[in-house]
Amino acid sequence: MSDFKVTRRGLLKSTAAAGVALATPTIFSSKSFAAGYLNEPKGKTVTFGFNVPQTGAYADEGADELRAYQLAVEHINGEGDGGMLNTFSSKALKGNGVNGKKVVFVTGDTQTKSDAARASAKRMIEKDGAIMITGGSSSGVAIAVQGLCQEAGVIFMAGLTHSNDTTGKDKRANGFRHFFNTEMTGAALAPVLKNSFGTDRTAYHLTADYTWGWSQEGSIKKYTEKLGWKTASAVRTPLGAGDFSQYITPVLNSGADVLVLNHYGRDMVNSLTQAVQFGLRDKQVNGKDFAIVVPLYSRLMAQGAGENVKGIFGSTNWHWSLQDEGSKAFVKSFGKKYGFPPSQAAHTTYCQAILYADACQRAGTFMPSGVGAALEGFKFDGLGNGPTEYRAEDHQCFKDVLVVKGKENPTSKFDVLEVVEVTPRAQVEYPASMLGGELGPYNNG
Amino acid sequence: MDAILLQVLNGLDKGGAYALIALGLTIIFGTLGVVNFAHGALFMLGAFCAVTVKALLGITKVTLDPTQTTPWGAPMEIRQPYVEVWFGDFGTTLLDYSVPVSILVAIPIMLLIGIVMERGLIRFFYKRPHAEQILVTFGLAIVIQEIVKSNFGANPIPQPAPDMFNGMIDFGVALGFDAGNVVYPAWRLIYFLFSVGVIAAVFAFLQFTTFGMVVRAGMADRETVGLLGIDIDRRFTIVFGIAAVVAGLAGTMYTPILSPDYHMGMDFLVLSFVVVVVGGMGSLGGAVAAGFLLGVLQSFASMNEVKAILPGIDQIIIYLIAVVVLLVRPRGLMGRRGVMEQ
Amino acid sequence: MFANTISKKDLALLAVFTAAVLAGPIILKPIGAGYPDLLQKFAIYGIFALGFNILFGLTGYLSFGHAAFLGVGSYTAVWTFKLLSMNPIPAIILATIAGGLFSALIGFISLRRSGIYFSILTLAFAQMSYNLAYSVLTPITNGETGLQLTQSDPRALDVAFGRDYGAVLPVSDLFGMEMQGYPGFYFCAVMLIVCFFISMRIYRSPFGMMLRAVKSNQNRLNFTGVHTRPYALTAFIISGMYAGLAGGLLAVTDPLAGAERMQWTASGEVVLMTILGGAGTLLGPVIGAGAIKYFENIFSAFNDGILMKIFSFLPEVLQHLAVSISSLFVGEGWHLTLGALFMVIVIFLPGGLMEGVTRLSNLFRKQPPDDRAGGTPHPAPAE
Amino acid sequence: MSALSVKNVNKRFGGLKALDNVNLEIDGGTVHAIIGPNGAGKSTLLNCFIGRLEPDTGSVTFNGQSLLGMAPHEINQAGVSRVFQTPEIFGDLSLIDNVMIPSFARRDGAFKINAWTPVRRNGPMAEKAMSMLEDVGLAAKADETAGHLSRGDKRRLELAMCLVQDPKLLLLDEPTAGMARADTNNTIDLMKTIAQRGVTMVVIEHDMHVVFSLAEKISVLAQGTVIAEDTPANIKGNPKVQEAYLGGAHL
């Protein structure tokens, strides 16, 4: 980590630049020189880059991701109890590293800002020789870093990113996502909402005014309107508004009987807390019990809303109370090391690290195009989400989606959510062409 | 009509918080001539007084139950707060009322923090350029923030209001509306009344006590007061402490509305500066007026009817008002000539 | 004497500066900063701070909204890539112009007020730009995700010259030389040197002298027959153009423009860079920019594993102790180090890092400080 | 003919009448002193000349051009320079820069972007500034920071800053206050030299030694009105003036 070697590509490029005069036409792109691939590991180790938020609002999620990565690296290198490697359906990894090389890692701070995240990822690629970048806790950052990895020529294994765009409009060949998206949330939530609240409902949306919020609002609207729900209004709220009272009071007398909070992180904590304060959870409208829905739940963040989450529906990628063998093995391994259960962010990043390592092992190379081919269409099980497939067309994982509800009688401060329903994969699947975008070709650097 | 009334209430509530933070900031401006970028951090520290009190009250007696185990194999812990073990029902009530109880703790603590800050750092910067004051207080704000983060983590920590105040108050009936049309959360009404009370107390203190008179004279002309042989510095130390207490109380009482996290001070920092400047630098009345004005206008700008005409207006309304006020009234609503213009 | 001469001292300073910048990759390698991306950031934020210093260091007007011009520069450059050509030259020219125009508009209004009222006006404009870019202006800015290139962009000039990038996402290139990695750095480095030279000329010129007089005593300057507002506005526009150029270069080396670049914290960052390095000095802002970017990228990357290695010479108990103490200040705690650094610098070196350099060299040479060269700052007397 | 003409100027501050129908005619090329007790309105009157204050009514014209409504820099560019009661200098800059700035202002006008050519330390502008510093006896301190000067030195520096502009009308608000006797005499000599160049000067001064050494004509201001205007010799004997000065103790 502390060796400051010039990356091979950098050297090639600068020598190319130095050797070629300005007048020479455009045939000299670095690509024509690249015989192998960027940051090809030559020694006994291979370097992964863990790019997570360490400062700012998502620092706790970032810290949990980092814990999971460390655990994953231990398991890949054959230390610890092996965690989900024991339950993982692919048995390519033998606990001796990847392709005979021990895994080491470098870390960086995304600050949940695109610029900082890209700078950090570039450092890992250019200075530390990272072969793969993974992590992140917001879609803007994920898309920005994914674009960077495509340009540079390394694989990006997305962390917590829920926007459709990551594997839709902005998808890239070098990028892969294990986490689910707003489309799947909509598809998974709708049947549960129908069972609990019926088909004659009027929804009022409060939506964080940026790409993810719009994406979430669109998906929920689409699926609830299919059920026969009406949408009273969809109001955009500024990111980080803090006090949402001025957006909540119009809900009171709007005639709507469901409030959908398309917020995440601190916005979610605040808007939910305040909506409950304004009596919305206990309200009666049109002779029906008023309901609040938080489409994307994060258990870590939900803790910040305290009692207010009780009985509130939402979806999540994974929850530590799941009872399948994979989840149990992961919770045990993580809990033993850190003393508390892992979050969904920790789970998805752990899976991504394992999946990447496994793909490299099966491909026998770290070359992005080779690894990508091994991931495309890869079907696996035993990582906590049941049978899962990395779809080749958009590099999105398809798996069951959890619909959860704030628990009425929590037994500990981690026991915030209970799983209401596991919506099977078939119900949340959609054609890859629906979300647009182009993967383009792999870039090997 | 009821919708507008509710928005006015929202605005007054928000405005109460703005006014409280801005009040301390403008007192520091006016008396010490210091641009205090750590003021948001004081607000945040106030909020964490509540967190700490609740955490201390909630220190639990841990008994291990060997018959049950966690998913990772450790024995299940059964936790009961000591206050409940010791005091029974009174302990439960105390826990429930942790936020109001925190006020009693926050006052001396914030006063102490303010005095230490002024004596330890701020007083060396009275004569330094504003840019340096900004840099040093901003650095201090970051340091305070990071210390809080390393102790409490980055995620928001819920601080519920006492059960009694968790409900809604329906006072629309009294104003001639149908029942259920104008209902408002009890805690928010309490926050508004609380902010009015604190503002009144600060004004009364400055207006009717000798100490306050000296401070006001010092705000008007520091040199002269110094020449009268009054030890203005010592009084200004206490003034800084009072400003810290006001900001801290604003934070403590705000916690049930906004779950506190280490970063909340920075979010309020820019806003409170805008409030102070719109009100007029160093003007106490201006800060209060501007706080409520911005709160109410922000609420109105967020109404669907307004946003339909001007999309995104709620995103920029605060800044737009600041620009308009400063262009129309060069020294803000109630600013005096020559303060902070160089 | 020729009218255009440059003093020997300045020539030497320029030569040393040029050499140091060009040799950056070698000089900075031992401290772990010798990789292209960070070098590019050093150069780009150096330009940003140099420009800011022309406003703040010379006239004393403290703008809290300069990130807006940086952002506008970035958006302009990316749009130029999308619509016209991947060549960086039109992109940075248009970015500079856009930065200049936007700053002319905001400066014209904001300079009607002075002191903290001016600061708040600039802050308000920048925050409005940021909030709108993040939400309502998404069709132009692509909001949270940031404006990116796509394969299907028109690139009219490139098409006219028969340039085809094939099925891959294009990167900016100067007649075939890709503006990433070291070539990208050298492109920025040349810009930095040019900007430094321009800055130096301004500092030494009668115009620069007038700007210093604005800071020192604007009233007197008015009664001396000088119309001060256009001077301040010109300085504001020049610094806005520097910011626009810096924003353009950010897009050249990394074609993505995000709204966060315009947030008040980003404006605050350039203020901190300038004061940290030494406001009003020629070199200070560049050094300050380097210091902050270094902290952001290198200190944040230290994790316990690296610390364990660093302290591996200690006995194990001490090693763990040393790691747990130092980990408060690096990795996720790097903000703490930055905050503490600000405080230490302002308390002990009010003139910034440059004052430290001057003091050291005076100690070394044992001769009285040279007050006039490079405009060594004095703490302004309180009046 | 008169260079500076003040007609019926009134100025109120709230209830206080600071200037009450002031009329003044100051001839070109003369030294005209305005004296009067404290609070008589002398500085207020001067402020009306340079655009710092706007009179409520009345007119101020300089060589036929109205000075009212003009911005301070425009009045200066019309040839009116002023030395302030408390020295106004550029405290952060060196003495030589302090003098070169007004010199550039005279050469380049109110605004000119002259950002490329360096300020030369040995060109004609610097030489001119240097000779001005010599005139006021500050040449040895040319490279020092102006803010560190003594009050008397600051005043002389300000004088140099005005003189370098070759003003047509020079307004001096107590130019020798705070100076030692020797310095005062030097300053009187200096002003005499300037007067010989044909510069019109208006001097406000308490030091009667200075007034009677310099002035060709004296106006006496009391409670906002001109109570007398005459040659120095006649003013000395004027009973009205003596009364205004509390029994003439000063005279």
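So that you can tell them apart, the chains are marked A, B, C and D in the order they are listed, and the count of residues begins at 1 in each.
The rule is simple: contacts are C-beta pairs under 8 Å (C-beta built on N, C-alpha and C of every residue); 3 or more make two chains touch, one makes a residue touch a chain.
This is a predicted model, so every value here is computed, not measured.
Taking CA centroids for every chain, report which one is farthest away from subunit D.
A
What chain sits nearest the middle when you go by CA atom centres?
C
When the C-alpha atoms of subunit A and subunit B are each averaged to a single point, how far apart are the two points in Å?
35
In angstrom, rounded to a whole number, how far apart do the mean CA points of subunit B and subunit D lie?
Here the centre of subunit D sits 52 Å away from the centre of subunit B.
Determine the centre-to-centre distance between subunit C and subunit D, using the mean Cα coordinates as centres, and give it in whole Å.
Computed from C-alpha means, the inter-chain centre distance equals 45 Å.
Can you compute the centre-to-centre distance for subunit A and subunit D, using the mean CA position of each chain? Integer Å is fine.
74
What are the residue numbers in subunit C that touch two or more other chains?
131, 134-136, 335, 380, 383
Find every residue in subunit B that makes contact with two or more other chains and list them.
312, 315
Two-or-more-chain contact residues of subunit D, please, as numbers and ranges.
Residues of subunit D never touch two or more of the other chains.
What chain pairs are in touch here?
Chain-chain contacts present: A-B, A-C, B-C, C-D.
Can you name the residues of subunit C that touch subunit B in the complex?
Residues of subunit C touching subunit B: 56, 62, 109, 112-117, 120-121, 123-125, 127-128, 131-132, 134-136, 264-265, 268, 271-272, 275-276, 279, 328, 333, 335-336, 338-343, 345-347, 350, 379-380, 382-383.
Using the touch rule from the top, collect the residues of subunit B that touch subunit A in their complex.
The touching residues are 2-3, 6-7, 9-11, 13-14, 17, 70-74, 77, 149, 153-161, 166-168, 181, 183, 185, 187-188, 256-259, 261, 263-264, 267, 298-299, 302-304, 307, 312, 314-315.
Hey, which residues of subunit C end up touching subunit D in the complex?
My answer: residues 1, 3-7, 201-202, 204-210, 212-213, 215-217, 219-228, 230-231, 234, 371-372, 378, 380-381, 383.
Can you name the residues of subunit A that touch subunit C in the complex?
Residue list for subunit A touching subunit C: 1-2, 4, 6-7, 9-10, 13-14, 17, 20, 22-30, 54-55, 59, 62-63, 66, 105-109, 113-116, 118-120, 122-123, 126-127, 139-140, 143-144, 147-148, 150-151, 165, 170, 209-212, 236, 238-239, 438, 440-441, 443.
Can you list the subunit A residues touching subunit B in their complex?
56-60, 63, 209, 233, 235-238, 240, 242-243, 245-247, 249-250, 252-253, 266, 269-270, 273-274, 277-279, 300-301, 303-308, 320-321, 328, 331-336, 339, 341, 412
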